[in-house]
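The two complexes that follow have chain A in common; it is paired with chain B in the first and with chain C in the second.
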Partner chain A sequence: MVFSSAVFLFVFLPAVLLLYFVPVCFWNDKLETGRKNLVLCVASLLFYAWGEPVYVMLMLLSIAFNFNIGLDIGRHADSPRKKKAILAAAVVFDLLILGFFKYSNFVIVNLNHWFALEISPLRLSLPVGISFYTFQILSYIVDVYRGEVQPQKNVISFAMYVTMFPQLIAGPIVQYADIERQLRSRRVTPSGFFDGVTVFIRGLGKKVLFANTIGQFYTEIVADGVAQAGAATAWLGILCYTMQIYFDFGGYSDMAIGLGRMFGFAFLPNFNFPYTAVSIKDFWSRWHISLSGWFRDYVYIPLGGNRKGVPRTILNLAIVWCLTGLWHGAAWNFVAWGAFYGILLIAEKYLLAGVLVKIPKAVRHVVTMVIVMVGWVFFSCESLSDAIVFLRSMCCLNGNPLWNGRSLYYLAGCAFPLALMSLSAFGVYDRIPKLRNDYLRTAWNALLYGGIFALCVVYLVSSTYNPFLYFRF
Partner chain B sequence: MKETEQQEPKPQSKLYEAFCAVFCVLFVAGIVGIAALQCVTPDRKQSDSENRLLQQMPGLSLTSVTDGSFMKELESYLTDQFPQRDLLVRCKTYIDLLCGRQQINGVYIGRDDYLFEPQTVPNEQQVETITAAIHGFCLRNPDLQKAAVIVPNATCLLQDKLPDGVTQYDQRAFLAQLREKVGGADLQHYHWINCAAVLDGADDGQLYYRTDHHWTTRAASRVFMETARAWELDTAPVTYDFAVVSDSFQGTLASSSGICHIYDEIEICVPHDSQGQYVIEYESENVKTATFFDKSKLNTKNQYEVFLGGNFAKLVIATTAQNDKTLLICKDSYANCMIPMFAPYFSQIVVIDPRYFNDSIDGCMQDYHVTHVLFLYNLNTFLEDKSLADVLED
Partner chain C sequence: MKALRLKEIVCVLLTVVFIFFVTRSEPPSETSVADMAAALLTVTDVSALHECKNAEFKREFQINPNDYDGVVYYTSDSIMEVRELLVIRLADEAQGEALTERIRGRVEDKITLFNGYAPEQEALLDGYVLEETRGFVLFAVCDEPEAVRRTFKDHL
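Let's look at the complex of A and B:
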């Protein structure tokens, strides 16, 4: 199920809210929390099964396995060797499942290509959210191993942590340590719930009003043929994609955080105006924060981080960024995208450290945005060769004029939406002074977000308008 | 322990919490209310503006759940049956217009309230097949009078009304190529009617509907006169009456885009005093009428069907013309408004729409002693439709 669907908004969400908030075991707080956890857990499984009626079994298996691993590691807390062996086995098992479903076809295709083999690819579809929930589980067992958290003894609480529907499908990757206490007890106040609703609707608006709208332009431009496009059209196309992916992903994170808050969870922010970054390092401290944080805590630092000399640090960065690329998708263009950032970050750290500070901020911002947009070319294309065709068009290397009538047509169509979106992406709306009076501010927000929600419904319903053109004859 | 856990929100006054609670309840009541409204509004079977059946409540079964079809259909059901769906769709269209969009659901929003369908891009193989089929047919029937009328689309003739930068392929140049491909030098009694030249600079009214992909009756009558000239029909004694039968026409392009503030007039054209002088037989429907126009269609969504009642596999029209000429028309819907104009010159007119007609055309030729053959298509359909080549086959 996705948040921006009628089933979620008008069936699933109201049902879960009612079941969750209408008290049943009101005489006993502990019992009531347990009941709420159970409601969330069952609802989350249903949410997942809605999109993956078969793979939900795989997730249940993963939960059962890792729940026991957590307990096991806890039991051997004082024998480092045993504990390490259990951890290693669990990590290998979890990564194998992820690898099998996500990367086996990629491996097969490459083996076939490089060694002239003829292994037939597997007919697997990728279980939704497996990259996210596997990483959440890994954070849990590693933290239990490190003694940073206690093993979870309640299987419902553990299952709820893994399956929690707000962040199940597209993050943020919530580390177990961050919400351990909230699994036990959490308090929902009307003001907190209201905040959650506004954050959710803001995310819904980003996805439905912004990302989907600007995405249509990107799709149109690509369908027109990037190879034949003028450089201006190609740049406009990737600018549209740049906005689409931010509002799509950022919107999803907002929705997850908002929903979490409605149920009493405080997730950490996942995006912090990434397009205001003034360097690549800055960009990655603002983009998909939970993923870079995960790679930092569970790959980069365990590899030695920057404490083992310059060559080792460079190697560590290279490993982390190739893995980051690969995490986003099983294809070479994603690896190239990760490597692209790895190289830039290494260069920034060692070669340009002295130079960057002397350049004015505005220039650094523009340069960073251009680099990020070039990066999205690798991300958006189906393959590495498509990405190169796209880049050639952007660089005017395909023999087409810089701009033509088509560029102006697209520009006329998307200028206004792009302007609105840029104001949001650059954080201009958030700089508008807030009303000081709590009551006025809340009433204003209710009006504003009520309006945005209504607009989202208009967009969602009309996106299914599907005139059957056979009657043209 | 890691120190990333968030602070509890700072406590607020009870009054403020109660104030917030009101809006929380409003939100939940809102989404529950929409769900309830959806339950009580009766489901619609079909959507007129989309011309398709709407999703009904899907049945729940083990297989429909495991293959995911139940989930997909439930989502379609909710959005298809959403209260006031058509109104919401229109709202979206006008929001798009306000935001400067010039293309909605594939329809270009042009100047002076003109809507345009996108051009069909020629597929080379399809072009080869169809031109070869027409050429072959003409060679096989050297004694017949033949004419090909391929009408360019609004995007070609009304280019100045298109939004800036909508560059499409040049239909004029393409039609010239088509003319070459069908041939002519080796064909006898064959005429290619250059519609673009005939319609260029026409100043007696609109050439195409604003809200529909068809040409107007005025445009059709100009091309008719050119065809009659080519066939040397004596049009001097005949006068034609034009009459506006509707001023509330909103065609396919209005439906597709959701634009609802533009209306077209539908005009019909008939030979003067011709009432009761012909009988139209709808063969497979087993119906006979004495009029070219089905006025009841003016009360339906697709008013263009007023011409001949729509498209049918085969019509046979008998007229009171005193001759033994028979005209066979192979056509798409562009022909519907033009057919009445031919009535005074042929005692019999056979109309075939290859998209619905499954027999061979050669059978018709013999059965009806055809003397004239007209191919009448608009270029988009001509490029999309594979059935014409099929019926022309030997």
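Let's look at the complex of A and C:
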């Protein structure tokens, strides 16, 4: 089930909200929180089972295993060797499961290619959200090992942390330490709830009105054949994808954060206007913040971070960025995408640090955006060879003219949506001064968000184009 | 393994059993999309239809054909002709669900469109074939739905 579907908006969500907010154990706060956790946990499992009836079993086994691991680590808190052995077993198990489902066919295809073998690929579909919930589980296990959080003793609370439907299938990756207290006790105020509703509708609008609209242009350009396209069309295509992926994933993150707030959880923001970045480092501090934070806390710093000299720092950055690429998908184009950013970040840190500060911000911004768009070519294509074909078209190396009738046709179609989306991506809408009068502001928000919601519903009912890009990760 | 307790070992074993069952099912078919289409054309008449190019397919279904391993699509230019034949070889079996949902939605829209004034078209649409198995998706609106379905399964 996706948030931007009629079943979710008109059946699932209202039913869960009703069950969640009708007080049953109102005389006892602790009991009532436990009941709410149970409602959310069961609803989340149903939400997952809607699209993945088989793999819900895998998730339950993973929950059972890691819940017990957490308790075990806590039990051996004063025995470092034993604690470490349990942690190692858990990390190996969790990564093996992730690796098996996500990377086994990638390994088989490459072994077949390199060693002329004929191993049949496994008939496996990727369990939706496995990369996200595995990382959440690992953050819990590692934090318990480090003594930064107490082991969760209530299996429902732990299961809810892992399965929570707002962020289950596409993040943001919520670290256990960030919501440990909220699992025990949380309050939903009317203003907090309506804040959540507005954030959710904003995300829905980004996804349905922006990402879906511009995504159709990208699909059309690619379907026409990028190899035969002029450079202008190829650039326009990747610009459309640049906007699509931001509003698609950013919109979904907003919906997750909004839903979380409606249920009393405060998830950290996952995007902070990434397309306003003035350097690659700046971009990655604004894009998919929860993933960068996870790799920083659980890979980069444990590897030594920047504390062990320049060569080791470079190695650590290279490892982290290749893993970031691989996390996004089992294909060489994702590894190339990760390596591309790794190299750029290393260059920025050690070669260009002194130069960058002397360049005007506007120029740095344009250069960063061009680099980001080139990066999306690796990300959007099915394979490395497709990405190279795309890049050749962008660089006029395919023998086609820079500009042709197709370019004008597409530009005429997508110029207006692109302009609207740019205003949003650059944060212009957020800089519009808010009305000072509380009543007027409330009325305006009701009108605005009611209108966006109505438009989204009309779009969802009338259109069949509603993909979601980050599902596959 | 020595560090783990019985509960955790049971979870690990159950996971292994689960993976065994998940991977045990039938593998994706080795048949190419062209061979499958050729087999289907022997049992259904497409003389009133034409084979579509990628752009035409994309316009009809709002799906990028390059996302799949192969697509063969026959349709007609006439708005009153509802017969069509679509065979898709999936690049990844995870694509199947969204694809079949989209096709199903499209058929339902068409049934609503013809409902009440074109009973012949409506009846053909009501008997549509939609199959997803072993890496293939078949969609057909035709006069011989059972023969098409059987041929499809025989050639997987």
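Things to note:
Operating definition for what follows: the second predicted complex is superposed on the first by the 463 of 473 C-alpha atoms of A that agree within 3 Å, B and C clash if a C-alpha of one lies under 4 Å from a C-alpha of the other, contacts with A are read in each partner's own complex, and residues count from 1 in each chain.
Everything that follows uses one rule, which is that a contact is a pair of C-beta atoms (placed from the backbone, for glycine too) under 8 Å apart; a residue touches a chain by one contact, two chains touch by 3 or more.
As the structure is a computational prediction, the values presented were derived from the model and not from experiment.
In the three-chain model built by superposing on chain A, chain B clashes with chain C. Contact with neither chain B nor chain C is seen for A:S253 once the two complexes are overlaid on the shared chain.
Residue contacts after overlaying the shared chain place A:D72 against chain C, while chain B stays out of touching range. Of the two partner chains, chain C is the only one that A:I97 touches; chain B does not reach it. Applying the stated contact rule after C-alpha superposition, one finds that A:A223 touches chain C and leaves chain B untouched.
Once chain A of one complex is fitted onto chain A of the other, the partner contacts of A:G51 extend to both chain B and chain C. Of the two partner chains, neither chain B nor chain C is touched by A:T242. After overlaying the two complexes on the shared chain, residue contacts for A:S393 are found with neither chain B nor chain C. Contacts of A:T368 after superposition: neither chain B nor chain C is touched. Here chain B and chain C are compared by how many residues of chain A each touches, and B touches more.
For the contact definition in use here, the residues of chain A common to its chain B contact set and its chain C contact set are 51, 54, 220, 464-465, 467, 472. Listing the residues of chain A that touch chain B in their complex gives 1, 5-7, 9-11, 13-14, 17-18, 50-51, 53-54, 143, 148-149, 175, 177-181, 187, 189-194, 197, 213, 220, 266, 268, 404-410, 412-413, 415-417, 438-439, 442, 446, 450, 453, 455, 457-462, 464-473.
Within the complex, the chain B residues that touch chain A are 1-2, 4-6, 8-9, 12, 16-21, 23-24, 26-28, 30-32, 34-35, 38, 49-52, 65-68, 71, 74-76, 78-80, 82, 85, 88-89, 91-93, 95, 99-103, 105, 117, 163-167, 213, 252, 255-256, 258, 302, 311, 332-333, 355, 381.
Of all the residues in chain C, the ones that touch chain A in their complex are 1-5, 7-8, 11-12, 14-15, 18-19, 22-23, 25-28, 54-55, 58, 61-67, 91-94, 97-98, 102, 105-106. Listing the residues of chain A that touch chain C in their complex gives 51, 54, 57-58, 61-62, 64-65, 68-69, 72, 82, 85-86, 88-89, 93, 97, 100, 120-126, 216, 219-220, 222-225, 382, 463-465, 467, 472.
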